[in-house]
């Protein structure tokens, strides 16, 4: 096993290493060994990591009798720990985090949580319904701009703007969803990508409404109201959630509510309909699942969650700009969903933290961290395509019965 | 079973899985050179899987497959094809955006002897004259029967020693089926061994010398085809009598 | 500038841009046709080609070859860039896509995305964040036809692009390997049963597609004068749109799609508010896909798999 | 438990990266895009500050001066994170950020934490109009630059028509809008067209052909250097004869390198560069320190900002924001970009002059304040 892996590794190393020489280190006529060495360092490190992971995995697989992946066993082991214990521990950790962290760490935490809630929302579209969406960040933008504009022009508070943002997000979801209903697979991907870009460009070009590339500034932070009995009278006093810990708790609540919502959806009739659509749309339609309606619903609900996150983001920064909603952001959210394990809520939570916090930790390494990020992403997919914590249900579904005995390696002959 | 000639294909205790599904549960069979053998059985018995396993498309997990005495169970489909095994799979699998002519050409992909290929092309055209008429037409636009003929013709273009045929009669008019089976006999007379998988058991057993009956991943009956035609069990289950 | 000259000039602009998009789109469409995967790293392979071009061209210029052996210089530049990127394409395929051939599409897509980030950052680290100037070997002079100006470089680039596309079409339809590629794209299992080594076929696809992209990269450098590590992204999106518009998997479709995207972009920017140029491109794309989901020259939708 | 372990690990790592401020250390934070497409300018800013610390030497009352580079990535969210990180690591003064869209959100935590912030690059007017006491700006504002440009168009070029091209980013669109405003106010120059391009694009032939058919006296390119250098080549290839004017973001050695002969005759607005020995000294040191052939334009501002802050701290003896802010505001400083004197909003009274590209060099050409050739 190890020998085989080593051989494979040698081929890998040959292909990438020899070939990357001209790219890594040569400029015109000069060769810069210093620069090259650093890049090579990252490269070699990743190869070694790849090798270790594969060897460990291979070793375990050899011990295992049949095709059962080792992740399944890890999962089982995890599930043997009382759930309450795990969840309670995590909740406690999340709750006390701001007490032991400084502002920067809290800020990173907030960003992670924003992305987690985005990932959970996209999970509905990609994970549950199986629709590849590359323009998801557009709904995030819709939420952010809805709150910003309502707050700046009409002074609408965060809580009042939130439902409006959600409704608008859902409407946009349907608008984007509708023309894509007939499409499948990669066509869907490009259309959603196109929509995402269109939304950003409209925000950037519609100067009279959105202030164009200048962005909007000065939105109020979310408020809490508490009763005041001063001067004998009764009135509500607004308390602005300005401090980072307060914002942290707010987004934490949003994430918890999102998790609860997604879980309930997952286990509902709708959730089953989505899964049916994901596994085989034609079959789902034939067995009476209203696919059109369910797909639109998936888009709308996914958009609603993103819209909430967007409103929070705008309120937190008190600033928004079309450049915050680039295609790359959609990619990052998609990475969170897939890396975490499509359809798996704990996976997405972990992936959200890993993808946002870890690059932040290594920010000092500047661009080398992005180099490693890309490589690790590829290797991660090659080694563990089902994600960090694969969804148990999806696994069961994928392995219990296979509807297409001729599937093998290709899509054509299905 | 009386095996007189030496066998061209031998399967010994072959097991195949689709993920967790145990599709072939220990198949053993042996096909003599120059024979027409057929495999009959109900839907989902594993007939097509047997052919795909021989071709290496759905590799065997366990067991041995020997072609002319040489083990081929570890070979990839393209290598199996290189040994002289051609398959006309279920559903014809014509290349839809290639012309009839190009489809036939693809059949001879591995052959370098241009003159012989041209000869075989003429032979295929003589077997199925309609293909000559349709030579410039895209494969996807042919009728079902024409596609079946094209699929068989394409397999013949590799001048195979062993031709695996999966349901050549599926979805075709009875008259056409008769013609195709007649052609199969003609092909066999030219020296190609044929291993046939059929639902149309009557037809298949009629032209075959050896027959195998499959049930849920196992071969349950092996005999001369003529004997199987008389077998009460077979009559009841597969011949609709 | 009279109207004829203006229209003619804009047409030249559109055809030029369109042929570059078409060349890049070909890479997408070929790869998609054969393994049904959007090669997200294609934009980076294109950029890599441009960088190899600038490295080689600068070196040759220093050696004085541009003056003494102009044609040979161009051949070397294009040849080396295409050859290098062809091998790089195979490397990418081997490392990032081949192990995932049996996995879900999402995993493959992400692996491709990872490769794209890796290559893009690798190029940034090695080639720097700022532009690299491309030696302007064609100069700034232009030929005037009916008031429209076209530079020698443009003529050369358009001709070369057409030549490459014709060569590709001939390769795919006339040669054994080309036919194997088409067969594999149409029905992989059957192709294998006929003795086609699909690993090799896929490898060849990953050589030709990126090589064409690399040629486009050098062309971009030669005409626009600079390359940068992140320039692949914007070309990628447009070329990707072109490939889908023409019907992904179809080689003539990619060429047509590239030209159409070029015409739309130039046409819109030329006669209508230019800020909305990209919005229009995407809107047209969505409309076409809505009305004809398989793209203009694509296979019918029933054959398109999720 | 695996999940908890992973999250725990994240926390520990996060902790590890936040250094503690050491006693008697003066921490100069920088905020600039060290990653992404603007990393070149961002690196220039960081290196400018580091050069200043090196050149200035020890500051009285402090054991050492440390530079803390923060990466704003030209992104609002990342910029606030980076700003919070600087605050937590004990930065005493922050020099940054680059993109206005990053500076604006980063202002909030920094101002709340009472830290003096000096931007070496962001020129959006709004930044200094919010009444932030601790915010200063080194380069001239958008409207100042636009004013100079319009003066040049009217008085020197005596252009009747001008076409504007911008790439719809905060900086470039802001400049173009200001030019339009001034031109319409004076009503001497007509805006013949206002076109937009996409940042990152390479092909601008369609828009340029459109402008060619209008044939304005002058064209104003409000773009960044990468687009600018590519655009000017296409201008020459298409044979446009209008005068081309552009702004300080294009004033970069790369423009000359990429533009080559095509860049000849292009006018640029950029701050006056006094030919002082200090400036030459700085350029020499910078080139030696960072092994480069040329100095990026934002390095000058960053260097000046850092030198000025160090001098001010030396003078008032503390980095306390209120004292430092007063010291900065009440004094006049000499820098390599000229005299530094802030108004009550934190803007410098600094005017641009017009430069021209001649023999592949930037040459000073015309002064809008005096209306005289240079």
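Chains here go by letter, A, B, C and D, matching the order in which they are written, and residues are numbered from 1 within each.
Methods note: a contact is a pair of C-beta atoms (placed from the backbone, for glycine too) under 8 Å apart; a residue touches a chain by one contact, two chains touch by 3 or more.
Note that the structure is predicted; figures quoted are calculated from it, not measured.
Colleague: Of every pair of chains, which is linked by the largest number of C-beta contacts?
Modeller: A-C
Colleague: With chain centres set to the mean of the C-alpha atoms, which chain is at the far end from chain A?
Modeller: Result for the farthest chain: B.
Colleague: With centres defined as the mean C-alpha position, give me the chain A-chain B separation in Å.
Modeller: Comparing mean C-alpha positions, chain B is 49 Å from chain A.
Colleague: Provide the C-alpha centroid distance between chain A and chain D, rounded to the nearest whole angstrom.
Modeller: Taking the mean C-alpha position of each chain, the two centres sit 34 Å apart.
Colleague: Centroid of chain A to centroid of chain C, CA atoms only: how many Å?
Modeller: Here the centre of chain C sits 30 Å away from the centre of chain A.
Colleague: Name the residues of chain A that each touch 2 or more other chains.
Modeller: Touching at least two other chains: 205, 367, 370, 406, 408, 413.
Colleague: Where does chain D touch two or more other chains at once, residue-wise?
Modeller: 39, 168, 196
Colleague: Which residues does chain C have that touch at least 2 chains other than itself?
Modeller: Within chain C, the residues that touch at least two other chains are 124, 128, 186-187, 189-190, 233, 275, 278.
Colleague: For a test of understanding, state which residues of chain C touch chain B in their complex under the given definition.
Modeller: 176, 179-180, 182-183, 186-187, 189-198, 299, 303
Colleague: Show which residues of chain C lie in contact with chain D when the two form their complex.
Modeller: Per the stated touch rule, the residues are 1, 6, 9-10, 13-14, 16-17, 124, 128-131, 133-134, 136, 140, 142, 149, 151, 154, 220, 224-226, 228, 230-231, 233-235, 265-271, 273-275, 277-278.
Colleague: Using the touch definition up top, name the residues of chain B that touch chain C in the complex.
Modeller: For this pair, the touching residues of chain B are 55, 57, 76-78, 80-82, 86-87, 89, 93-98, 102, 105-107, 109-110, 154, 158.
Colleague: Which stretch or stretches of chain D touch chain C in the complex?
Modeller: Answer in residue numbers: 37, 39-40, 43, 168, 195-198, 200-203, 205-207, 209-210, 212-213, 215, 225-226, 229-230, 233-234, 236-239, 254, 257-262.
Colleague: Mind listing the chain A positions that touch chain C in their complex?
Modeller: The touching residues are 11-12, 15-16, 19-20, 22-29, 35-36, 38-39, 126, 130, 132, 179, 182-187, 189-191, 193-195, 197-198, 201-202, 205, 281, 327, 331, 334-335, 338-339, 342, 367-368, 370-371, 373-382, 385-386, 406, 408-414.
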